[in-house]
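Note that the chains take the letters A, B and C in the order they are written out, and that residue 1 is the start of every chain.
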């Protein structure tokens, strides 16, 4: 583990002695094994540094020694909360590099199921974010809805969390028999549930005072750091990969992108809530227009992309998940590089936290929506 | 009468060894104390069960279900588990202080039960004439336990928790004490039995005279007990577990018991001062009909029901509201609660003065008698209640004006809305200025 | 914290905040849930309690679930369907399958022929990530990931399943209370 250096950036109040607090890796609200070293003046954060790597598994290296078809299940383990989106970026990169034409039905199903994954991920974010700020009941309410989505995943993919949802060229299975019924039932109930969360949180004065003006990051700073996803849109930057570089069936569905104004925790909260509503809209549209036909493209016996490199990215729940792939023409990739949204979003932590209290650090880690599996890879 | 049969037999038995005076002043109190401690400990244990059940229901869960029917034996299983767990002491901890801090917490919480009037006559251990003062004084010793625990653990999280708890409890004690004064002006006694008597003789609950005082007392009571949304000393998502981070096994459970016992104490005091204690309309008819012990027992049950209602409010708030931040907590304490309590005292004084001044004005009769506290007629009560409820809004309005520029919790902060933009498809990055 | 712009509140917003409507609404919702849980009714989904009491009530696992592996047998002859082609072992990203084949001599149409048959099949469930690639690679639908999900054992060795376990299933204690 590398030595964490903390520079004193700010004069302390009245020469009071500073305290270095080691938050994590075993801490209930660092969302995994993130270690944050805080320099505190009283409870005010003067400086902080993140120490990561406790969950490093060498995913990119593993990928160099696996065949193209075998890598998708590993990609589920990057951001295990959004396994479906992560799997999608891998298979789409390979497909586009090979120039495979994926049948439209597979594209639509991919759209529906990745949007479900977005809702599931945002629900888990809402649950843990609310828990960090102390609204414990919302945790279980949000997980209850997530359970419905996970049941759909289980029926469709055969697993709940790390689904191994996609195969290069399409999907392993067509939609199961009651798929449409389950989706519609979820879509019917979900807006009412969202309203319930809003009743407890959105207007609550304690919630407002804990989130408004906390962890402010301006649009220019957000772009400079390279934030993406809801964290970027909370600052008011109109950037959504689904819109700017439509993949799967996103070119055929109509949806709005929520944009915040101030770039504080409350804005990001509202953006994510609205994204869940928009996801539901996308799901219903895609379900309405779901074409018939096969779900698998015709695949060569061994998947071998042509020599060259390729970058493809999709809009994951946490931001832009990218995959850079270098192929040397064999059945195994030469080099794979992931653009991890959580890792890049985490870089904003210091800028957001300095000057706030310890309690706000927890809220800000929550609002960045990081997953350590993806940061450490 | 049947109920007291064994008691008389026991009294006769004791008379063989002791004089009646010794029995009255020594033996009976000891028996009462034993009973109360046992029952309160049981009550505290089942308060945890209730909290778990209620929180589960609010979260669409079932809660403990596996130990006994509906998980009814869960508190006992928990207690057994905690007793058999390792009592771990960190190497660098201050051993003796680390040892004794939990006992201070539990003792300060349990001593208060000595003056709580559970019912009339034999259902109160000590009817001290400064009962309320004793409650406030002893429960404030509890903060010492938290500071000592936080300091002796030699852990930064525990230290921060201890610091938070000391600041929080000291500042909320002021608000708690001040909020009671309004009710004391009507009761004109500090004895808890006396306060119940004052409400009984006047056939009214002080919550009607003092709704603002009741709310203030409840809020500062929650804060005093370190319960959510004021649970900063043990804020689990920030400070792991706050002052008891390093505690384990039975010592930890002593802190836990102290927390619940303190909660029961505050509920009991709130019920006594504002909800009429064991007094309930028409129950006294049992006394006049001659069923003295039945009367005591029914009164006791009434008291328990009232305390349970306030406990439910505790649970309810905890499982609904998010947690305050430390500076906001101080803001609420010093900028809202203490000024509110002071205004409440002034308003109560004005109300009493007004009622006394109106007595005899144009033939109005507001005061029945002044022998035992303040006995008011229906008109007087009406005036008092109107002023009391108007007071809530007067206080809130005044403070909203005073705190208009405060950082949080002013009327200005509102729910914001966000923009929904339908971005063009296939067009890469849109600059910030364009939207 | 006055770091962000706040829009000017309207009078109705101010009044709502003055009367603590925000807190009262939230408290009302939790109370509704509390009553809903006791009566087991809910306005949205129709049930108030979502707890599944697991060992007492078994969950209904989806037919596609990827759980414990199994080697299917021919339902009539009770011979294994496995042809020892090793495709599952090749497809496995984690390399947790070992197919050990042996050659036997059989008489086909009067002539002796050598045939590869399955001798032993090792499946290391501790390394398996249940991606179901082996199941998809199997040409005879022999290797299958079943709905069985209780895979815990007391030792690391217990995670390594041999052919007998894969064919007969592992004996587990099913707790029902």
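Structural remarks
To be clear about the criterion, a contact is a pair of C-beta atoms (placed from the backbone, for glycine too) under 8 Å apart; a residue touches a chain by one contact, two chains touch by 3 or more.
As the structure is a computational prediction, the values presented were derived from the model and not from experiment.
Should one ask which of B-C and A-C has more C-beta pairs in contact, the pair is A-C. Nearest to the overall CA centre, using the mean of each chain's CA atoms, is chain A. Computed from the mean C-alpha positions, the centre of subunit A lies at a distance of 43 Å from the centre of subunit B. Subunit B and subunit C have Cα centroids lying 48 Å from one another. Centroids built from CA atoms put subunit C at 23 Å from subunit A. Shared contact sites, meaning residues of subunit A that touch two or more other chains, fall at 137, 144, 200, 203-205, 212, 261.
The set of subunit C residues touching two or more other chains comprises 1-2, 6, 17, 23, 26, 29-30, 33, 50.
Multi-chain contact residues, meaning those touching two or more other chains, occur in subunit B at positions 58-61, 319-321, 408, 413-414, 416. Only residues 54, 56-62, 65, 316-317, 319-321, 396-397, 400, 407-408, 411-414, 416 of subunit B touch subunit C when the two sit together in their complex. On the side of subunit B, the complex with subunit A involves touching residues 55, 58-61, 156-157, 160, 228-229, 231-232, 235-240, 319-328, 408-409, 413-430, 432, 434-435.
The touching residues of subunit C, counted against subunit B in their complex, run 1-2, 6-7, 9, 13-14, 17-18, 23, 26-27, 29-31, 33-34, 36-38, 42, 48-51, 53.
Residue ranges on subunit A touching subunit B, taken from their complex, read 19, 21-22, 27-29, 43, 130-137, 139-141, 144, 200-210, 212, 219-220, 223, 236-240, 243-246, 250-251, 254-261, 266-267, 270-271, 274, 357-360, 362. Per the touch definition, subunit A reaches subunit C in the complex via residues 66-67, 69-74, 77, 137, 144, 147, 151, 154-159, 162, 164, 167, 172-173, 176, 189, 192-193, 196, 199-200, 203-205, 212-214, 216, 261-262, 264.
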